[in-house]
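To keep things clear, I will list the structure first and then write my remarks on it.
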Amino acid sequence: MSDKPKFAMYWAASCGGCEIAVLNIHEKILDVDANFDVVFWPVAMDAKYKDVEAMDDGSILLTLFNGGIRNDENEKMAKLMRRKSKILVSFGSCACEGCIPGLANFSNVDEIIDTAFHTLTTDNGSEFKLQTHYSVPEGEIHIPTLLPRLKTLDQVVKVDYYMPGCPPESHQIAAVIDLVIQVLQGKATLPPPGATIGVGNSTVCDECKRARNEKKIKYFTRIQLTHPDPALCLLEQGIPCNGPATRSGCGALCPAAGAQCIGCYGPAEGVMDYGSRLISSFASVIDGNTPQEIEKVIDGIPDPAGQFYRFSLAGSLLRGSKTVKSN
Amino acid sequence: MTDQFEPVIIGFTCNWCSYRAADLAGTARVKYAPNVRLIRMMCSGRLDPTFVMKAISGGADGVLITGCHPGECHYIEQNYKALRRFILLKRTLTQMGIEPGRIKLVWASAAEGVRLATEITKMVEEVRALGPLNWDHHNGHQPLAISHQPEEVAA
Amino acid sequence: MQRLTIDPITRLEGHGKIEIFLDEEGNVANTYFQIPELRGFERFCVGRPVEEMPLLTNRICGVCPEAHHMAAAKAADAVYHVDPPPAAKKLRELLYSGFYFTDHTTHFYALGGPDFIMGPDAPVAERNILGVIHKVGLEIGGKVIQARKYGHTIVEMIGGRKVHPCTSIPGGLTKGITEEQRKEIEQMGRWGIEFAQFSIDLFNKIVLGNKAYVDLIIGDIYTHHTYYMGLMDEKNKVNFYDGKVRVVDPDGKEFVKYAPKDYAAHIAEHVEPWTYLKFPYLKNVGWKGFVDGKDSGVYCATPLSRLNAADGMATPLAQEEYEKFYSTLGGKPVHQRLATHWARLIELLYAAERIVELATDPEITSPNFHTIPTEKPTEGVGIVEAPRGTLTHHYWTDERGVLTKVNLIVGTTNNYAPMSMSIKKAAEAFIKKGVVVNEGILNRVEMAFRPYDPCFGCATHSLPGQMPLQLTIRNAKGEVVEVVKRD
Amino acid sequence: MSDELNLENAEERIGVYVCHCGTNIAGIVDVPEVREWAEKRLKNRGVVLARDYKFMCSSLGQELIEKDIKEHQLTRVVVAACSPHLHENTFRTACKRAELNPYLCELVSIREQVSWVHTDKQAATDKAKAVLSGGVERVRHHQPLEPLRVPIHPATLVVGGGITGIQAALEIADAGRRVYLVEREPSIGGHMSQFDKTFPTLDCSACILTPKMVSAGMHPNITLMTWSEVTNVSGYVGNFVVTIKQKARCVKTDLCTGCGICQEKCPKKVIDEVYEAGLGYRKAVYTPFPQAVPKFPVIDIPNCTYFQKGTCKACEKFCPTNAIDFNQKDEEITVEVGNIVLATGFDLFDPRRIPHYGYGRLANVFTNLEFERLTNAAGPTNGNIVLRDGKTTPKVVGIIHCVGSRDRNYNNYCSAICCMQSLKFAHIVKERTGATVYNFYIDMRTAAKAYDEFYQRVLEEGTLFVRGRVAEVTDAARLPGEEGKLIIQVEDTLVGKQRRIPVDMVVLSAGLQSRHDSKEVAKLFGISCSADAWFIEKHPKLDPVSTMTDGVFIAGCCTGPKDIPNSVSQGSAAAARVLTYIDRGEITLEPVRASINETQCSGCRICNNLCPFNAILFHADRMVSEVNAALCQGCGTCVAACPAGAISGTGFSNEQIMSQIEGLLLLNLNGARTQEKEMAFA
């Protein structure tokens, strides 16, 4: 083992996009290799849980942890990585705020499993019952147990830094790796603990090229039902774009491609509840003063909870809907 | 206390109308249910939906939002913004499974102490009927430094 | 009784694990291939507006988000009964071909190829892309990175983002491409054709030139006589983006060809209580367990399956290779799973050729890339061919186009049953009484499912690729008697 | 994602003070228990000491706080007592004396919001604890602030040229300050100019009013703007910008001498609904009354033959100074003022709304204002009290009190002046006609200097008083002697029987009500109205001429019915308040303001049109928005609306409100849940 600082990357309940995004920093990967001793990175190399367990606590300098905490194994792993790592980075939307899988917190686990095993094409004998510990003739085999709701990493362990995005943009990842390397060489200092890194200071509008005016929303429409002016703010054209509330850093890719921002970079600095910011700002500029007028405009948003908490439900103040049972 | 369920309701008031209505109810010795705890803001336009989320996640069984009557806002028109936010917020919360009766908007002018008191008592009974919300119980109670505190450490 | 646990990645990590039970003699009694996670997309997509599905289902898998993006977009078109303008369809297919190009390249050079280029028994430290670079020469590394970059660039140009594209909406796309972009894509496509041919030559030299490998490929160990499925154009040529689903039987005869909307009449999903993943099979043949043959509904959906199910390739160079493929391996259908790697290269070539075809289509830069839906949204099915198998999205909505029901049959899932079978067969072949379990065997077991390029991202969350293995041998009491690691 | 509420200031040393307010609080809330609880339970929230005291607001109570701040190095103070609207300032000043920034003090109300409104002692005590802990959590996040200082523009706007407005204007002008006096009608004078005599002294209204009108008109420091209306008000105390619409007079005031020839020559007669209350005529070019100030007439365009038919121009032909100018247009004039006095007065209750009193249907039923004109020497009958036929002198007159007042069908309130006015009428009728006079009253209200004496005098004069609300006035004769008369049907509650009293003339003492447009006016000036649409005082007893809006004062009948002496004194009072501001030169404002963090602002422009005071400007060059602290009124709407969380507000920051919520929820009402919650502090 070299005496280079140790680096680890781990995924819990994630789609793997974060890993791809890291691979997409191309040449930069070699810098990682040059400056770090990569001790644990399931996708890229072989290493075993036991090896990590064997390491001294805090012996890994930097761990990028992506994926939400969906089952008991994710949770165990999160605690292990926390113990072993000096700096634990909550990497990607899933770990930071739950991301799309966090929408599962609108339902409880029973409903989720029940739905998945009662689709049109599923043929399940009425007696069918999923079992995490199952006895086969040869012995017992087991699969992990889903938690009552998907948790963000920082709801399970203390996190040192947050790096949002679905996935984080590769140029941001590269920048962060550069920073860490500079810190190692004493050329830079780490941001304050708890900081959000690899992002801009503002929100997506800051990077969006579209022209903007004072807002007065007379109606909300949907992207497929209109041909919006490509040069003008989408929100002003009634398309519920989450850009105003969403952390900058992506380069406003979606609005640039004619699509509304869906909020994958999460809330801006200091914001406690992403969805509330959107509810408040969208509502404030609705053009209507009577309940009737206002309701009519709001009817244009068919799924408010999904619209406002698309990526951040698991990390929101409410964590999920009322049906999410106790844990 | 009796063992009947006593809901806790957080009430947001504006400095110019509804808070003064509450004061007036006081000076007039109008009696109402003790379950509401009021927060004073300058204007109902200050109402940030985050406050409502915070109250619910912190264990409130209901939230009462009050302000000047439409057209009588001390800041001319800001209570309309409160109304717009309230309507959108309520729709969102309904999707989250929170009964509409738990979130109420009441206009009360500085002269309407009695009205405010009546509305409060009415709401307390409605929420009592709905039963405890106990959000913090099933979502892990948040201690004073809320977010980014591991919940089990907290709970 | 002894028990082997092959736990891809790590023991508690749980991205699919294999349980191998040995009888008292130490022969394989049974194997269980478990998928330990479920995210519940079918549940929480309900209530969402249908235009969000291409964005939400992206997040099912970060490796093939493009596939879900496309399937969702097509299902959404169907929900609105809207036919996107030709330019939109071509742009989507162009994006998709770019994705295929990257994905197949990655798999061959980083994941599948090394087994052959380096040899199954080479130490794992060498059996990876770096090893390949050392053996074949440094410039190849550059080429591979280049190829991945090009693919991503095409995806980003049309899809707006490198990972999780955002431009497909009901009725088409939110943007088109400029003439400059078109030129750039065309050039990348032409380079891609050369790269694909280079890769095929490499395969011929190293693999087909080596008798041991050829034997391994055509040997019985990696062979299953199953049904084969793939998406075909009207001439029964392989098409990734559009067409009808064609299934051929183990003898290569057409069993059925159905339109996406009819999928439910032909596909059903078997469930086992010990895994979160379901086992799709051909409804009209029936579920007979983890067995192959004409009477078992188990089918396979991989590059090999597509070639088996097709009458040929739609582009000239790929067609040549297609013919060479079957003449070399003794006619259709080819049941040897390891041949999938070769088949994948043929698809790589097709993808590159298709990129050039589409990039040179006069319509491709048309500003008419979206049709506003006018009909009432109801129900719709969208099917595309994901690299790892036929991908089906089926949505039901209310009159506002808000989802009320969802059904997803995702790529890798198609191959869950055959994969389980391959694993069992390999285990039986290599783990026999008296045989010391060693690295070579581990890898051979691994080689059994690597051809499927399993992406549990689609089914659970983990990534495809090299799955470092560990074998723990326990006696009947479950005590560890031997641990064989690969490091 | 990051946390707004971390306890960086966990080191605060907080002093808690719980007030008994005699028994006002202690009667219901177990004050000692609350104190003890705070000391124990809130210890780990930074509470270093908790005291209770009989009257915290007393000088001794305040000294207690000051002493503790010094001796225990308190960094924060929480007082649980009455409403902040009453004593926030008291305790802030106490802190200031002890060199603690006054804004580090929080006053929570356990009187108005707890002890006075709840009966269950346990519940009240629990709530008091919760409210207190809310205050403690909140105060931890208070920031030391400095009040904002705003210079006061020395000019003043007075709206309404009645006696109240005139009085206010004169007081301020005499102090040497500029006043803009705006009146909607062609002349100042208001209702008082229509009266004949004023009770109880019976001196002639015109005689005492005219001199004031004149001096207001000639005062060098008063800019008189009649035939004008305020159309827009912007800015804030000390710096209002007011737009005034000067309606076209069609008379060049610089040339007009007020000779009145135009009025003589004008061929067009118009019924004078305003000044003569519909009893008399005026011309299409007119001054409302001879002593009008200013003396310049106006042309009533809708009634002017030239404007309607295009010919006539008599006034122009005969005007000796060519002062007539048919092409005059409405003008908009903008003035800057530091303070505003509203003296917009009242409207008379319209007795038509009470059909059974017959006004408008029965010719000889008159309103009080009509009767004032009848008795006025300068009025349509030169002061002769006659019936509608213009000649017959009534032999029996019935005066009905409380018309539209003290009546839940119309206005619940007492109009304050009707009793005295009706007595005055009774006296005048007797004096001038010797007729029999009946006064129908509910009860007699003569509570002011020399009022009751006047009542006695009228009694002695032989006016007949019937106690009871009149049921109806009819001309349907049923009994002999009723023919051709108006019959007043009333229950005499003194003798306890129904009576029908035939009279020749009925005078209705219609009550006072708020101006028909008072709600719009209130909105224009940013003040609020009561349910009856009277303007609301800052405090009904202690600050009756101020409003919630700094720099806007109210006086006279626009705040509720008043007699002349009260109106005049309110005018003076308002003037005095204005002059104090002006002399101070500047005033201090609550430092509750919003500000935008420019690095975090994305320039999304959501906030841009949320501010009714136009305090938010957008810099297109830097693509960021900015709040102008001088214009910001601190409502916090933009703070709540900013999607980027880039706007913060002093005094009511997110941290303050969020932690107050947590504090309030610390103690739930059910014992079981209480325990649950307290774990949060473990």
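Each chain gets a letter, A, B, C and D, in the order it is written, and its residues are counted from 1.
The rule is short, and it goes like this: a residue touches a chain if its C-beta (ideal position, glycine included) is under 8 Å from a C-beta of that chain, and two chains touch if they have at least 3 such contacts.
This structure is a prediction, so every number in the text was calculated from the model and none was measured.
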*Chain nearest the overall Cα centroid*: B
*Is the number of contacting C-beta pairs greater for A-C or for A-D?*
A-C
*Just curious, how far off is subunit D from subunit C if you go by their C-alpha centres, in Å?*
78
_Centre distance in Å when subunit A and subunit C are each reduced to the mean of their C-alpha atoms_ = 26
*CA centroid of subunit A to CA centroid of subunit D, Å*: 55
*Taking each chain's centre as the mean of its CA atoms, how far is subunit A from subunit B in angstrom?*
31
*Using the touch rule from the top of the page, what residues of subunit A touch 2 or more other chains?*
106, 194, 272, 277, 280, 284, 303, 306, 315
*Out of subunit B, which residues touch more than one other chain, so two or more?*
48, 50, 54, 77, 81, 85, 95, 137, 142, 146-148
*By residue number and range, which residues of subunit C touch two or more other chains?*
47
_I'd like to see which chains touch which, written out pair by pair._
A-B, A-C, A-D, B-D
*asked:* Quick check on the complex: what are the subunit D residues that touch subunit B?
replied: 1-3, 5-7, 83-85, 109, 111-114, 116-120, 122-124, 126-127, 130-131, 134, 137, 519, 523, 526, 528-531, 536, 548-549, 592, 610, 612-613, 633-637, 639-641, 649, 651-652, 654, 657-662, 664-665, 668-671, 673, 676-677, 679-681
_Touching residues on subunit B, where the partner in the complex is subunit A_ = 48-50, 52-54, 56-57, 70, 77, 80-81, 83-85, 87-89, 91-92, 95-98, 133, 135, 137-140, 142, 146-148, 150-152
*asked:* For the complex, give me every residue of subunit D touching subunit A.
replied: 1-5, 599-606, 608-610, 618, 623, 637, 640-646, 654, 658
*In the complex of these two chains, what residues of subunit A are touching subunit D?*
96-97, 162, 164, 194-196, 201-206, 212-216, 235, 243-245, 248, 266-272, 277-278, 280-281, 284-285, 315
*Spell out the part of subunit C that touches subunit A in their complex, as residue ranges.*
1, 3, 9-15, 19, 21, 29-30, 32, 34-40, 42-49, 51-52, 55-56, 59-63, 65, 76, 80, 124, 145, 149, 152, 159-164, 166-167, 169-171, 173-175, 263-264, 267-271, 273-276, 278, 280, 287, 370, 372-373, 394, 400-402, 405-409, 455, 457, 461-463, 465-466, 468, 470, 478, 485-487
